[in-house]
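Given below, in the form of structure tokens, are the structures.
Each of the next two complexes has chain A plus one other chain: chain B in the first, chain C in the second.
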Partner chain A sequence: MSDIFTRYGDGSPTRMSKEDIRFDLEEGTQDAADRGKIPALTEAELDRLFEICTMPEKAVTVERGDEVIVSFDAGTLKLPVRAGVPMDRSAAILTHERAFCSDTMELGHVDYSYKQLKAIIHEECQAMEHIQLNTIIPVFYGAMPNLGLYTKPDGPIENWSELLPLAKIDEAKAAQEEAMEHAVKDIVYVASRMYESGADGINFDTVGASGDADVLATLKAAEILKEKYPDIAIEFGMAGEFVLGMHGELYYDGTRLAGLYPHQQVKMAEKAGAAIFGAVINTNSSMSFAWNIARAVTFVKACTEAASIPVHVNVGMGVGAIPVTNTPPVDAVSRADKALVEIGKADGL
Partner chain B sequence: MAITHEMAAGMGGIRTAGDLVARMQMTKGMKIKEAKEYVAAKVGVSTFDLCDEAVMKEVREQLDIGHVQARVGASIGMEAKFNIARVLDMKIKAVENFKRKTGM
Partner chain C sequence: MSLEDIIAEARETILQCDQARAVAVAERAVAQGFDPVQVLSEGFSYGIRQMGDLFGRGEVFLPQLILSSEVMKSAVAILDAAIQGGTPQAKAKMVIATVEGDVHDIGKGIVVSLLKTQGIEVYDLGRDVPTVKIIEKALEVEADIIGTSALLTTTLMGQKKLEDELRKNGLRDRFKTMVGGAPATQRWADRIGADAYAEDAAEAVTKALALLGK
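So, the complex of A and B:
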């Protein structure tokens, strides 16, 4: 008899037996352990995770005293753009500060990539200056490194995704290396201007979306910014759970970037000067919530143990065991948060 | 989503001490335990009380560092940030910009 209400990774509801939930927890943690070459969760941790997954309440919370910081990517794109609420960005930030009681917030433009922001940097600086006069909470400025935007026809460089299927490996690598140079310049320029305008932090969102060259460009930009502004706060939010090897032979401080998992990625971010690391663990939409959360917690635990900076786990749609749907169910979201904080020891979300 | 995360695991922003602890993570790279201990010592409460709305309402009003419902005459926005920088013994970039522009 299936007796526990739960969900699949796409958010669809289902019922599972306790035995099946326990089985999926064990399979999930083992999958993370095998892929990341990290320890699986202990029996005690799996027991606790089983309790969290099978709690009868619709919403659950962390225990009093275990609360953590919440930071955002795509901050001002959520209420005024995606939700279609007719408000400007400063109103969105104040809504987060005074109504949602968010710990931090992020100013971002609808064309959310550093390359695109160069042309409108004056307006973005002006917006940040005005917002800083009215807000109390720390306000990040955020955008994506988005190396793909440097390829033709949007940019000046040959498209490595077209070159690779033609077996033009050297040309594809050279194109990515050239794109990195442009990206570093753009990221440093935009982030410098926004920091000078009073941003409390700079968020690099979806680092690695275009692969290892995307990661290396961001690491180099972070290094330059940290040297230029020793007090700058940089959040380094990843795009996926491991670094795609689109180039394959890019190294940072002697470490090959392709294939790195969160517990290894965080060490690169630290070296480059990041203050906060945003770990990502992908959700598998056809597996159960139990499988996904066991897997996510296993990766996060290894990451927080390796990290000397705070780790804010990405818990938007499709990452951190949150189901892949635009309206993630409260039962799954709150269970994911509780497990990631209490067992994974996340410093924030 | 933002509300669910805040309810399930968040510190509570300016209802409590979430913004203050966030500033220590951001500027000093402190992990959550260390950041809470730093802020708790500076505002004079236990780390447990940092997320208590009733306790922190009193603390925030006494320190004049901004709260959800701004009272008449209480600091808001930049004014509150001046006080936060002083209480936490830290620099806030926007506050430094304000000082420079106004010759303070």
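So, the complex of A and C:
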């Protein structure tokens, strides 16, 4: 039978003919090229991607020598919280180090936003010190900038998501600018304490979840931290494939942040002092795996070509061509990983 | 001015967020006796869908999208009056919410802004809204459409719950339903029996108008 087992972006299984897979690969790369104004994949790259998509094995892997480093976001939320395994955070990190052979790991709190961590920072510092005494792999501390938390009722500032639909545009912009100041202070405070408690690096997860102001606050915080601690390793994990323009007029180093795609985002992160860039490409749940992976690889290839720092592509539920499911299926995950590394030239995942 | 020129200019005024020109074009269309429905759907509405699409590509930003939807509203007011020969038309009503357990509301907010430009009266119940509350509100305002947003695979079931509850209570035929959010698909809509699915805000407008038979 010539039909190939594959999936849609929502994880539902399907069978497609080889011709349809090839067609979707071409459409996917073209979509990324149009949106990002970047080159589409070459015929040879599409041929290789087609091979990866149609390999008969259930799970595939990279060729020997092409192995890459893995880093994590929501690190200690995965086993104890999402999977519901009753273990504490240090056990989760040791499991990653000693059973899963993870290259690095991330300590994070269930309340995973910098703002919320101020009040419990002393406990987080203690957890980091304890973990550093027991582990060999680099352990990051991570959380989200999450600018939305500074708005009412969670914070002191007017909510721009409510102001914008009322067409109060100037007020919405001012509110975002005000939130940035709070966020920079909180991020620098928490990251400094955690770094001084032995964190090997600081992870900013879901940068841009609240739009361009969220990105600018993180860039500014990174700059301050880098100045304070020249050796600090900062990882930038993005929220989406382009920076959502909730403000629209925010610039970093002369570049407008709204609308930047991964190959442009990485340059901003580099300027601010980041050591690792976590590119995100959204999965479209209605489209096939072939379409999604061709798109993701196209964006990642442009990003790794532009980057001077390592690019660790986000490959979790709903990003990096991984289907939006709770437990992503291994056929899709392993194919996405292989393609992103071998064709996209990702330095890590 | 020919109808083609009017339509082209209507589109342009939306893309350029030009309030004064939008009002002028709408008034000229009415004065010249062109079909206001056609000017609206092929001109202004086309423009706003294009803006939604550009937003979805990161080429225009939220403040511009909001501005253009404000421009759209003033043009719609003029054309609406002409459609109804001066008497205000009963507006279509839509209740929309992010389902229970889910706090993602950025995308839903954009959908709401665009739907409002079409003269639809939108009741936005916010995020993390229990199914019963959605149904209560829909009954209270006699909604034509109920729209739900879900961004998590774990909360997607909230959209099915709405269908089930409506059916169980004999209310399914009273409303059209529409689902959206990143994990939702046309397949999902078909599976749970929702009347429509839209991938983004621009499509949400087209699908809502189709459900309303416009």
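Methods note: the second predicted complex is superposed on the first by the 347 of 349 C-alpha atoms of A that agree within 3 Å, B and C clash if a C-alpha of one lies under 4 Å from a C-alpha of the other, contacts with A are read in each partner's own complex, and residues count from 1 in each chain.
One rule holds for everything that comes next: a contact is a pair of C-beta atoms (placed from the backbone, for glycine too) under 8 Å apart; a residue touches a chain by one contact, two chains touch by 3 or more.
Predicted model, so just to flag it, every value in this text is computed and none were measured.
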Which partner chains sit in contact with A:Ile276 here, chain B, chain C, both or neither? Use first/second/both/neither. first
Name the chain, either chain B or chain C, that contacts more residues of chain A. B
So in the superposed three-chain picture, is A:Ile69 touching just chain B, just chain C, both, or none of them (first/second/both/neither)? first
Kindly classify A:Thr325 by the partners it touches after superposition: chain B alone (first), chain C alone (second), both, or neither? second
Using the superposition on chain A described above, determine whether A:Lys173 touches chain B (first), chain C (second), both, or neither. second
Quick check for you: in the superposed arrangement, does A:Pro165 touch first (chain B), second (chain C), both or neither? second
Check whether A:Gly211 is in contact with chain B, with chain C, with both or with neither, and answer first, second, both or neither. second
Would you sort A:Tyr261 into first (chain B), second (chain C), both or neither based on which partner it touches? second
Would you check which partner chain A:Leu244 touches, where first means chain B only, second means chain C only, and both and neither mean what they say? second
Touching both chain C and chain B, counted on chain A across the two superposed complexes: 317
Which part of chain A faces chain B closely enough to touch in the complex? 59-62, 64-72, 78, 96-98, 100-104, 129, 132-138, 195-201, 231, 233, 235, 275-276, 307-310, 315-317, 328, 330, 333-334, 337-338, 341, 347-349
Sites on chain B touched by chain A in the complex: 1-16, 18-19, 21-23, 25-32, 35, 47-48, 50-51, 65-66, 68, 76-78, 80-81, 84, 91-94, 97
Over in the complex, which chain C residues touch chain A? Could you list them? 55, 57-64, 66-67, 70, 105-106, 109, 112-113, 116, 153-154, 182-188, 199
Show which residues of chain A lie in contact with chain C when the two form their complex. 8-10, 12, 35, 161, 164-165, 167, 169, 172-173, 211-212, 242-248, 258-261, 282-286, 317-318, 324-326
